[in-house]
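Below is one structure, written out as structure tokens, with a few remarks after it.
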């Protein structure tokens, strides 16, 4: 199995709903370092999993919709409790949509898995993986 | 699948038994950067895998029993050859016990896997994973 | 010259005032990894620059007043444009005050310099240094 | 499952064949930080997955054949498009050969998996895993 | 004193002239992680050392002239032995030129120092600092 | 001013004397990531500060006398309280001696400064600088 990962970041404000979050129920923020990994059982005829340039651009485009914003007011996230885990899933789903519309230049059917990791501080991070 | 990881560290002395360890048979030491990952197929009603605050406290409590000590003299490790691999398993087992006694605030049955990674220097690390 | 550095982090929301900040004029957030360095020409009788445990606690206490908050609404910062540079200075000033009130267990007069670095994302950071 | 990872690096020049590579079709170079991970369901009688010293030496020996070279002119790579993914596979295959000839001091049959990761810059890396 | 740093990278091939370089006399390559730091005694009226966005763009523009190339054939470097130290100076000089032509949006006269660091592998890096 | 830095690590046991050290008065250990920086106002005729290969070997040789040992029993350190700061100075002094005996292949008189940094865990490090 082969895997290619690209990394970028976003800087957002948000608040979390639920007593379990303690002080993070207040409006605060985070720099999320975001890693998107694409895996595939065999390489294509160019010897790659996916065009790493286009993968980076796709990740950048997904993050551009979220960065420098207060996620509590982002319409496409309304109704979501934007925990690190939920944001991992959201970003993975948006990348999967780009795979399916062809903008990553690879056939979604060739890939085995997408995994998105968000690092919120040096001591905590989360990940989500799904089929493409 | 979702995964949440928390990180902490411990600073210990120890020696290893066996010719394979060469100079590490002598008493020496290590800063172990310790990562504990918890995975789960679905999020709970708060949108999380596990309370990241309690996960960090549980890891801190497990490490507090070991840090600033000579592991050769820690009674609960007696009989163990405290290689990085063995310490990974020991810490994972202690975290699993805390899951089972309810102190992590999650039902052990909801989790799919615990994985513990110990980084001993910039060029070497080990990991162990088990069912919770 | 000797220098000791301790590191911690805070997660905040804020907005910046001024056209130069472009999209960062909107409410957004950051995880700031914060490093506080203390330097001294000679070591004390224990062979240290400063008690690293107390230095870490002092940094933690300073950050506890800021983390998990919207800095736009923190009274002690009112009137400040909370750029990374300004936050470096603010944290350095608060650490210097703790030096002067004796809570770091060192005489301010023994130290030559305090330097505070805030890392806002993998590609950008700022620092400020001052006499204690 | 247990896993041990060792890390090293190599500094090479190469060019890539295929329009998908854009400017990387020209002769350029990379520092590859290389991680080799070995996994095993149970520990051996010394409490380890593999002798970490010999694993590091084996990785170093494999990289010594490639570092400080122009990969376009390395005979043993002729015919390969030396993408990061292809280099991951090549290095994993060479490590597997060393496992089989006994130079890692472990029986290949005891290991479950070899995974090789190459980090080419802070924002991109690839991995390949195979049975030993 | 305040300092702001931005970071980026370039991937190049080159060879070095001189017996002291041993195997690095052959054509090989490197990923250089490049950090450019700008320092200033006081903040401007926006509370910053320099517009961090424009600083990052300036660094990106300087590196765009070098990345994905064989430095042995870059005309503007002809006659230079492109050691890590020499490349630090070259990049610092090019950033200083951009300061002087106003494209960084700051008056060169306000800055106290430019420092450029190039990290060539996890175990080696170089830096150069100059007046702007 | 130019600066070149090489990095390596050592893994040691030790105990510290003095109430200020709290639990670190007991025998424990550390992985110290060690950085040695050499600075020089001008480059030599090869375009370098110092032969980075020989600098790395010199640092490795200095650390080989300390790693995998209990520093409380290392004769050449007897009488020293081996705090991180004291170890920085000790390693800097040993590197300076190697400069003076010619084994770094540079004239000590050409260098302006040696700085040694020891990172003891992700949240704490110390440094010492001296004239060569």
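Here the chain labels run A, B, C, D, E and F in written order, and each chain numbers its own residues starting at 1.
Here, contacts are C-beta pairs under 8 Å (C-beta built on N, C-alpha and C of every residue); 3 or more make two chains touch, one makes a residue touch a chain.
The structure presented is a predicted model; accordingly, all values stated were derived computationally and were not measured.
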{"item": "Each chain counted as touching chain C and chain E at once", "value": "F"}
{"item": "Graph separation of chain D and chain F (steps between touching chains)", "value": "2"}
{"item": "Chain pair equivalent in interface to C-E, over half of contacts matched, among D-E, B-F or E-F", "value": "E-F"}
{"item": "Chain D against chain B, contact positions shared by both copies (same if over half, else different)", "value": "different"}
{"item": "Inter-chain centre distance, chain B versus chain C - centres from mean C-alpha coordinates, in Å", "value": "31"}
{"item": "Whole-Å separation of chain centres (CA-atom averages), chain A against chain B", "value": "27"}
{"item": "Where chain F touches two or more other chains at once, by residue number", "value": "122-123"}
{"item": "Topology of the chain contact graph, where touching chains are joined (line, ring, star, complete, other)", "value": "other"}
{"item": "Pairwise chain contacts, counting only pairs that touch as defined", "value": "A-B, A-C, A-D, B-D, B-F, C-E, C-F, D-E, E-F"}
{"item": "Sites on chain B touched by chain F in the complex", "value": "9, 11-14, 23-24, 26-33, 67-70, 120-123"}
{"item": "Partner chain D, residues of chain A touching it in the complex", "value": "1-8, 43, 46-49, 51-53, 56, 105"}
{"item": "List of chain D residues in touch with chain A within their complex", "value": "18, 20-22, 80-81, 83-86, 88-89, 122-129"}
